[in-house]
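This structure is in structure tokens; I'll ask about it shortly.
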Amino acid sequence: MSTIYVGCQLQYNVLTPTSFLLNISATMNFHQTVRNERIDVAPFQPLEQCQIGPLGNRLFRLVGQPGPLSISYQAEVDLRADEVDANNVCESKYSSLPPEVLIFLNPSRYCESDKLGRFAMEEFGWLLPGYSRVTAVCNWTFEHLTYTPGSTGPTTTACDVLLQRTGVCRDYAHVAISLCRAMGIPARYVAGYAVNLQPPDFHGFFEAFLDGRWFLFDATRLAPVGGFVRIGTGRDAADVAFATMIGSAESVEMHVWANDSNPQDARLSPDNVGSGLSSA
Amino acid sequence: MSTIYVGCQLQYNVLTPTSFLLNISATMNFHQTVRNERIDVAPFQPLEQCQIGPLGNRLFRLVGQPGPLSISYQAEVDLRADEVDANNVCESKYSSLPPEVLIFLNPSRYCESDKLGRFAMEEFGWLLPGYSRVTAVCNWTFEHLTYTPGSTGPTTTACDVLLQRTGVCRDYAHVAISLCRAMGIPARYVAGYAVNLQPPDFHGFFEAFLDGRWFLFDATRLAPVGGFVRIGTGRDAADVAFATMIGSAESVEMHVWANDSNPQDARLSPDNVGSGLSSA
Amino acid sequence: MSTIYVGCQLQYNVLTPTSFLLNISATMNFHQTVRNERIDVAPFQPLEQCQIGPLGNRLFRLVGQPGPLSISYQAEVDLRADEVDANNVCESKYSSLPPEVLIFLNPSRYCESDKLGRFAMEEFGWLLPGYSRVTAVCNWTFEHLTYTPGSTGPTTTACDVLLQRTGVCRDYAHVAISLCRAMGIPARYVAGYAVNLQPPDFHGFFEAFLDGRWFLFDATRLAPVGGFVRIGTGRDAADVAFATMIGSAESVEMHVWANDSNPQDARLSPDNVGSGLSSA
Amino acid sequence: MSTIYVGCQLQYNVLTPTSFLLNISATMNFHQTVRNERIDVAPFQPLEQCQIGPLGNRLFRLVGQPGPLSISYQAEVDLRADEVDANNVCESKYSSLPPEVLIFLNPSRYCESDKLGRFAMEEFGWLLPGYSRVTAVCNWTFEHLTYTPGSTGPTTTACDVLLQRTGVCRDYAHVAISLCRAMGIPARYVAGYAVNLQPPDFHGFFEAFLDGRWFLFDATRLAPVGGFVRIGTGRDAADVAFATMIGSAESVEMHVWANDSNPQDARLSPDNVGSGLSSA
């Protein structure tokens, strides 16, 4: 078991009263235990926690008033070590998939698996089913894409990326998810913090359902999977945007961090902190 | 309260052992009570009922063996009369939407609301918020599309349809859903049976979330909303296909019916019925 | 030099006065000499020959009146033998391309080469430039696509096909053209007749500009390139549709043939022939 | 007749030997007479003039060597006054269109008119044919789009813009061209200089073929059509990029101007000028 110190600080200039939906807090689930968590909003705003769905995503909702708005989050997360003997992980048969997993075979906004059946089967259909086949999908994605910040935007889909061959972490995940689903392997998007990600930022990776459970994968090879802290899980990036704003607000600055040693973080200084929910 | 008699009969020629996921049974929820339901499979196959998610979709899963396969379903459904005073139904504020409703603002595979913000606001942004604005979306959809069987396929999206201006029921629903979401109105797809639909078939329509609850709409004007029986609800048609097959099977024949008087239906004759689950 | 006997017979049911633009006659150019050509229209309609552009496409235009309309074409075409020593054919440098060739580097409706630069360079950029690299593009196209009549339609593009991995002759040509252009090799679409094509139909293939001239290629491997008779050349299939109709007419029947021996063709019997232009 | 003083100055930092194809010189045709033209390249490079196609586009090709590269162009252009009595300009019948005009009915890379037939006929099909119908297309385009620099990119098409409802001059032209073609009105893209365009830049507009000749239109309303100087004409923007580079070069600075009085332009000072072609 390891402990990861994660957090972020988001600065906005709010122009009109604006609803914020924040997807920045570590998920509480089997894989990870969240301790000493706090979220602070300055100036003070009432904060509503929204537990959404059975996947454990915890969102925070608030209404920001015109003027500067600072949101900061920090937590210590104990990760359960996850030892996988990849050789013994097979693919689940369709007829034995748990019902709640079936929707992760459906195509979604950024993962048009319904258009890629032949593509996926041609590239990976001849491989031995199992964990190693998802690894092959990750390797293919890594080898055929070039990681290029700015080359894609919020409406870019897996099909777009398969043609243009560039993208960022969310695009890598969308491509791999689409190819998995197209072969009958349930797959879903995970947003999270990642230790040693350079430059520090929110990260996007994915899970594939094999042998009765979900396994974490990352086609970007940008950071070790063992240092990933889940924030939210969904069908694709559309479900787990770190901040959704309804109204008018400009992002001024953003810091994200994830460390495997206590950073004695100075970024959340007391005078920066107005109020807020704290699970500490 | 009215009683609707619904059902379908699906004939397949199964070529290799094939998993079927069937989405043909009436939903059990606040709106409708299901009575005298039976599902029959010939030749006999064990049938697994999958309750999926909090939306009440009930799916059936079975593995068909090579040879002919007949699946038939029938039920009596009591519909709760739903009286709406449209004038008093307002739109919910984003900050007060129940958390479980938020995902129905996200774009989905066939409803690219993330690309249509300006389009929707230009066409409908100046209208009074509320039930009547969703009606305006339905009217616009009805008036700008031509109902043309065969003009769209399984990968056709709302954006495709907005350009080509033709489609079938699922396309009408996808367009209306996309425009609603693009304006901040949660919307979701509903598959169902529909009394007086000509020609008889499964139908697709949608729900919009207004004033704290979901309201049913249909932009096609093909059948009265008061005679709709819900089968399943999802983000778009990808979530509620009436039959998903993994394997190899050909559809040979399909009948679907929905009547508001007891049809003494002769189509499900006793010798046609092999076995199966029955809630009668 | 070989002689090919080509022709077609098109039957329409004209509903309202309809303009037809026909692209069915063999091109007269360096590669091929057209003899004993005749085009017949029944019932009689005045026929206008449109010589379009510097590429030698000859189109026929007529206005069909309501009722049955029969259009038939036949010609003998002498093909100049085209011996290529592929080993010695290099790619032309951009700075030395003849100006009139430059437009065939531009993307076109069905050949979105502007989106495929990285894709093309990744797959073929490391290969030796020259004739063999275009052959590699053809081989890749042949190996990654499955020839599937009905899998694509009139609006399908090269990018669509690269994802879905199925298509027909025009799609194979569009993919290969797009990949060539994306690497800086001018490429254009050619419609034509093809000896031994099964089933008999109009064919679509392409030319690439190498070493100062255009070379013929076909990624489908459906018929020998040496038996191709050019009808028209353009940026993609949009430029060389065999029949464009403005008005309302239904296609009733269509026959196309190309033989390397005189078929004593009985399909153009005298009583079938109303009038028309004849170059015989 | 009026005289317009046009020109541009392009600064590049060339990294590897790079072929440039420049589309910056005023077209010489019926509409405009070019006088006192000069193009200068510093440091000196041999310059090849490429006359492409029957449309009068004059391109310049050169190979830039590593280091700074400056290209400047200036000319005086006498515009023939073009008086149109819009009320008497009808649409040409398809059967009487000159053959060389027919290709401008075909869809092109950024103008997918083949997907917009129903859209165009629904919006404009009921209007009186003629000049005023093209004006209606321009008005619709102006009213439904918002001019937003940066909202589109080099691969954006008319269909993209019809959905997202934002764009720049080239997008406005692509939308209007597509809608015209979809109704059977030949239309083509024109790149040019425009007096009083703010901020000064190359401009994109279009021509529609009516009543036997081409008429100029601009859906952006950004500058008076009477002050447009044509540079090049093509199917869409793909054909008339002002600079195409094969190699590696960065654009450092760009100035474009068009004035209806002699600016005594100081930007082309003698020491800035290395060599070059001059038609003066």
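A, B, C and D are the chain letters, set down in written order, and residue numbers restart from 1 in every chain.
Note that in this section a residue touches a chain if its C-beta (ideal position, glycine included) is under 8 Å from a C-beta of that chain, and two chains touch if they have at least 3 such contacts.
It should be emphasised that the depicted structure is a prediction, and the values quoted were computed from it without experimental measurement.
When the partners of chain B are compared with those of chain C, the chains appearing in both lists are A, D. Chain centres here are Cα averages; for chain A and chain C they lie 49 Å apart.
With centres taken as mean Cα positions, chain D sits 31 Å from chain C. Between chain A and chain D, the centres computed from C-alpha atoms are 45 Å apart.
Counting only residues that touch two or more partner chains, chain A has 115.
If you draw each protein chain as a dot and join the dots that touch, you get one closed loop, with every dot joined to exactly two others.
Taken together, the chains touch in the following pairs: A-B, A-C, B-D, C-D.
Listed in rising order, the residues of chain B touching chain A in the complex are 19, 21, 50-54, 59, 61, 63, 93-95, 99-100, 102-103, 106-109, 111-112, 114-115, 154-155, 184, 234-235, 238-239, 246. Within the complex formed with chain A, the residues of chain C that make contact are 115-116, 118-119, 122, 144, 146, 159, 162-166.
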